[in-house]
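See structure below.
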Amino acid sequence: MNKWLKENLWRHVVALGMSFFALFPLYLVVISSLNPTGSLQLTSFIPREISWNNYKLLFDSPAIPYLTWVKNSLVIAGAVAVISVFIGASSAFAFSRLRFRGRKTGVQILLLVQMFPAILALSAVYVIMERVYRFAPSLGLGSQTGLLLVYLGGAMGVNIWLLKGFVDSIPIELDEAAKIDGASPMQTYWLIFIPLAAPVLAVVSLLSFIGTLNEYIMARLFLVEMDSRTVAVGLQQFIGGQYSQNWGPFAAGSILLSIPIVVIFLSLQRYIVSGLTAGSVKG
Amino acid sequence: MKNRFLKGIAVTAVLAFSATGFAVTPAHAANEIVVWADETRGPNLASVIKAKGDWVPGYTIKIVTYSSFDALKDAFDKATGTSGPDIVVGGNDWVPTAAKSGKLAPVTLTASQKARFNQTQFFDLSYKGKLYGVPVDINNVAMIYNTKLVSSAPKTFGEMVDYYKANKTAKGLKAGLCIAGGGMSWGAHSVFSALGADAYRMSKRGAANTVQSFNPSVFGANVKKYLLTSGKSNGFFPATDTGCKDNFLAGTVPFAVIGNWEWKDYVAKGFDMNLMPVPGIESGTYGHMFGSVSGALLTTFADKHGVAVGAKSLLVNFFASTEGQVKYQLLEGRPPAEKGAQSDPSVSAGQKGFGSAATLAGIPQIGAFLNSNKGGANYWDSAPAYWTAVLIDGKDPTIEARKLAAIWKGNVAAGKADL
Amino acid sequence: MTLLYRGKIALVIKIILLAVASAILLMLAQSAFAQKEYAISAFLLISVLAMNYVYLTSRSVPFKFFLPGTIFLFAFVLAPIIFTVVMSTYNYKTGNYISKQEAIERVIALGVEPDEAGTTFDIVVGKTSAGELAILASDVATPQYFISTKTKRIDLVSTDLTLNAYGVATTAPNFTRTSISDLTGNQDYTKIKYLYSDSYFISIEGQDVGAVFRQTLKYEPSTDTFRNLINGTIYRDNGKGNYADSKKQILEPGWRAPTWFSNYAKLITDDHVRGPFIRVFIWTVIFAVLTVLTSFGFGLLLALALNKPLRGRRMYRSILILPYAMPSLMSILIWAGMFDTEFGAINNILNTHIAWFSNANFARSAVILVSLWLGFPYFYLISTGALQAIPTELTEAAAIDGASGRQVFSKITLPLLLQILSPLLIASFAFNFNNFNLIYLLTGGGPRDQLGGEIAGATDILISYTYQIAFGSNVQDLGLASAISVIIFFLVAGISLYGLRKSKVLETFE
């Protein structure tokens, strides 16, 4: 018993303490979502009144197309996750495996580009997409496709960088062997690299998926039509009113949205750990 | 290799040329007026405009609704006009900056159209002598009191403080007077004013007096007397607006300043409209409160799109007309700006209650003064900072009031140029 | 299988894909050209050429992999960056927002004044018998009626006219009314200044309203000046984006004018800009370092604690990962609510009455606490991964040699961990250096000493401070904000490159 205490007690204390810290705000969100008055009920730990009105509102009110928002978000974030990783992986492969002139410069440019404070280039992006709107309204400002393109561009730098870190960790002997077999770089890429990298690609996809779901500063400028909004923009309107804030539906909507993400996250956590460390751990 | 390259080019070229057959549709139709609005006004405008299709003969009207007022402002700030609005429904405080940047176009009204509005509202929507839109709805605040706690309307500020001190423990009061609507700057101006600090003064003729600022010693002394006990807040007036509405509704705060856009929530909870301005130090005086108008503003983009004439007609035929405002406010529930619509029987008691409070103690909200930061900080930032400094940080009310007076004086002096 | 990669079918598929993509891009390029968006059109055209060249020849194998990413990076990342850098050399702020051409047009349009009475007329638009565009104007109060064209005005008497119920003339001799459908979208008639008197004209102010104006400002293209027609004042281009007279009175609106390095110069010479900039920079570094250290510290502690089979480990792990999995937008807003003075949960638990966001030190502590909450799960995860990557033989060997647990940790485990994780620590530092969302949503950069005239708040980091300058409530200075962005970029890039050099990541590219 004494040995157990010595060995394990501190572990439980640390884990329990941090668990409380992690759960505390989340518990309050749940309470707020059950609070009928629509304010952030952060004073008491036991809800005074429990009501499912906020949840009902999301599904019943015709003025709040919550499910459409969720669908929009899933489509946009899903597309960003898949396409950006698809495009990013090929660049990462090239940086990591192919020998060519200007490779080092290329990597450095990439590294620098992804460090530029993107939020400040927002005006420029807005102006570019306004211009695109002039000749191709379905790709420009106000369209989901346009927003998707912007997200893809924005995600590219980080994704290539993350994926490159992983590719570096795959033993080079594998592709050397392929090369001896007479495979072209394209074949090496598709037949050897992609299957090997699948778990990491999934993790990077998941991270860009979540990143895209969270984004609202750009989305609120692009998606003005009620039915084309993403869920972040849609929910933000409850608390971003000119004079009033309505926390209840915001909390309820956020919780519903979080559940699937948390489930995916928890089920993929093994891969996530390996994916996150891949960038640093050299093979 | 050559061969393959040429073949590829050939196929591409054929496909590309067949694709060029698709004509490009212009983004902005020649007879379409685009109106931008926020998340509450947008849908209501859209349904009113749709119900009667011919507000402007020959034009179609498209309402674009943003997800929030902030998002609308953000987009309008960035818009350069390719997709941008011909008319934007926004706050009067947008006028000076947007006009200065060349985003708004002037509007000329006939004498009879002008007569349908209170002239100070035009003042709110003007910049350097030119009018940039028409008033749509009025936003103001008023003080509501809980009749279960207080039986009759308080006559002076002191009465409210006395009530709070006497009943604080017995009735479990969390505060005496709090700001539920409009925030610690806009909504709290009536409290500043009740205690002697007006952001600017209006002369009898209605013009702003730009020479004098408030007397910081008098105001500081009043703050000390009514809001502080031995240098610390006595709890009567909280420095933030968080939770005010909930506490008022729960009966733990007897007096609250609320906005006219939220009165429905109070009615729903069973409160009668016991509305009044915040009483001053002397009986019969009141704290001045801002009345702002939201305007339908004409943009320079309308000219670029070739719909300026149609947009001007829409302003007059719909936004500034009795018929348009009555139909729209029936859905929106804010007090209409147009006089004919104000006297319309369909305007609710609540809207009228705010109206009469505004008559007693309303002053126009002059963006040129309030938005200016030439004194060091604009009104919106400096006002809440005062409450924080005095009520939370426990700084000396008079010393802070001197800083505040200097800032406001500088702002007013600089803003005068923009009137 | 190989057929898909090499051979006829692959070639056909490739060419079809390429052709479709080229066709779409070419169509867009052509549309862009038609709308006079030459830069975009050229970019699309170059993309098409590059695509075909790269995929149809074997000149550059790497580019077969790079091209799609490069096109996206250029269009949505590099181009905005270049735009930002260019903007930083402009006087580009509220009041100086549009191009010079537009500004001249606006000054001319605003350079009119109504007559003293503000006369307006009810009008009907049409043509004279000579086919000239004209308006039939009625003043029902006086009453007064006339037809006016660009060059002449013909007064009428009511007996010659058809009047409607309000007394507005609808028909007149030698005047054909134009139908509304013909007027819609027709800009010709709206641009005309219809003659009213020697100095005044009527401009159309709505489908059925005209108002009397006179021009007060006239543009002289030859000298690039404006002249006030009433008092003769001359306004010249002042080189900063405005026309100004000799007393420095400017005409509004101005335009965005190139002022080269004046925005950068302001950062060095202007006390109001430099002072806050340095203070904000220091706090930014402190914030980023503290966030990384605390998050890493707690994350590592957890990883160590849970680095052996333990009852409830899976559950701990699931809970601990939650802050990372939750949408951060929401969690930050909830934290902001929890720190509220009057009604927040934190004061409630501690039984205090602290105004967290009004006091600089409390606000900073709150920011660090929240960023710890957001950040520790990530470090827990990567530390766990890294601990597993350390060969157990190393630590076991050390233990056999008689080293204590603490010694093993500090001499072997920790240095190895740091070596493995240093690129991620640096990346995390760079991320937090620019962690806009956290500051913007939690404290908004505050508290600011507004009464003391401060622009920068106590928790403002460089990026939120810059955002405030660029898009802040009333006065927006995009030029200055862009200049600061460029400097932030160099700072972050410098720190990161230094860090990466140190950790030898870049060496693999030598």
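Order as written gives the chain letters A, B and C; numbering starts at 1 within each chain.
The rule is short, and it goes like this: contacts are C-beta pairs under 8 Å (C-beta built on N, C-alpha and C of every residue); 3 or more make two chains touch, one makes a residue touch a chain.
Bear in mind the structure is a predicted one, so any value in this text is a computation, not a measurement.
Put simply, the chain farthest from subunit C by mean CA position is B.
Two chain pairs, A-C and B-C, are compared here, and A-C has more C-beta pairs in contact (counted per touch definition above).
Each chain gets one centre point, the mean of its Cα atoms, and the points for subunit A and subunit B are 36 Å apart.
Centroids built from CA atoms put subunit C at 21 Å from subunit A. Our note on geometry: subunit B versus subunit C, Cα centroid distance of 25 Å, whole angstroms.
In subunit B, the residues that touch at least two other chains are 24, 74, 80, 243, 246. Counting partners per residue, subunit C has 31, 34-35, 340, 343 as the residues that reach two or more other chains. The set of subunit A residues touching two or more other chains comprises 122-123, 127, 131, 134-136, 236. Remark: subunit C residues 11, 15-16, 18-20, 22-24, 26-27, 30-31, 34-35, 52, 55-58, 94-98, 102-103, 106, 109-110, 114, 118, 120, 180-181, 183-185, 187, 190, 204-209, 211, 252-253, 340-343, 355, 358-359, 447-454, 471, 473-476 touch subunit B in the complex. Residues 1, 4-5, 7-9, 11-12, 14-16, 18-20, 22, 24, 30-31, 56-59, 74, 77, 80, 93, 97, 99-103, 105-111, 128, 130, 174, 238-240, 242-243, 246, 300, 303, 306-310, 312-313, 315-316, 371, 373, 376-378, 380-382, 384-386, 388-389, 392-393, 400, 403-404, 407 of subunit B are the ones that touch subunit C when the two sit in their complex. Interface residues of subunit A facing subunit B in the complex, by the touch rule stated above, are 37, 39, 63, 122-123, 126-127, 130-131, 133-137, 140-142, 220-221, 223-226, 229, 233-234, 236-237, 240-244.
Against subunit C, the residues of subunit A that register as touching in their complex are 8, 10-12, 14-16, 18-19, 21-23, 25-26, 28-29, 32, 40, 42-44, 87-88, 90-91, 93-94, 98, 100, 103-104, 106-108, 110-125, 127-128, 131-132, 134-136, 139, 149-150, 152-154, 156-157, 160, 165, 168, 184-187, 189-191, 210, 213-214, 216, 232, 236, 239, 247, 250-251, 254, 257-258, 261-262, 265-266, 269, 272-274, 276-277, 279-281. On the side of subunit C, the complex with subunit A involves touching residues 1-2, 5-6, 28, 31-32, 34-35, 37, 40, 60-62, 64-66, 68-70, 72-73, 75-81, 83-84, 87, 298, 301-302, 305-306, 308, 310, 312, 316-331, 333-335, 337-338, 340, 343-345, 348, 373, 376-378, 381-382, 384-386, 389, 420-424, 427, 430, 434, 436-437, 463, 466-467, 470, 478, 481-482, 485, 488-489, 492-493, 496-497, 500, 506, 508-510.
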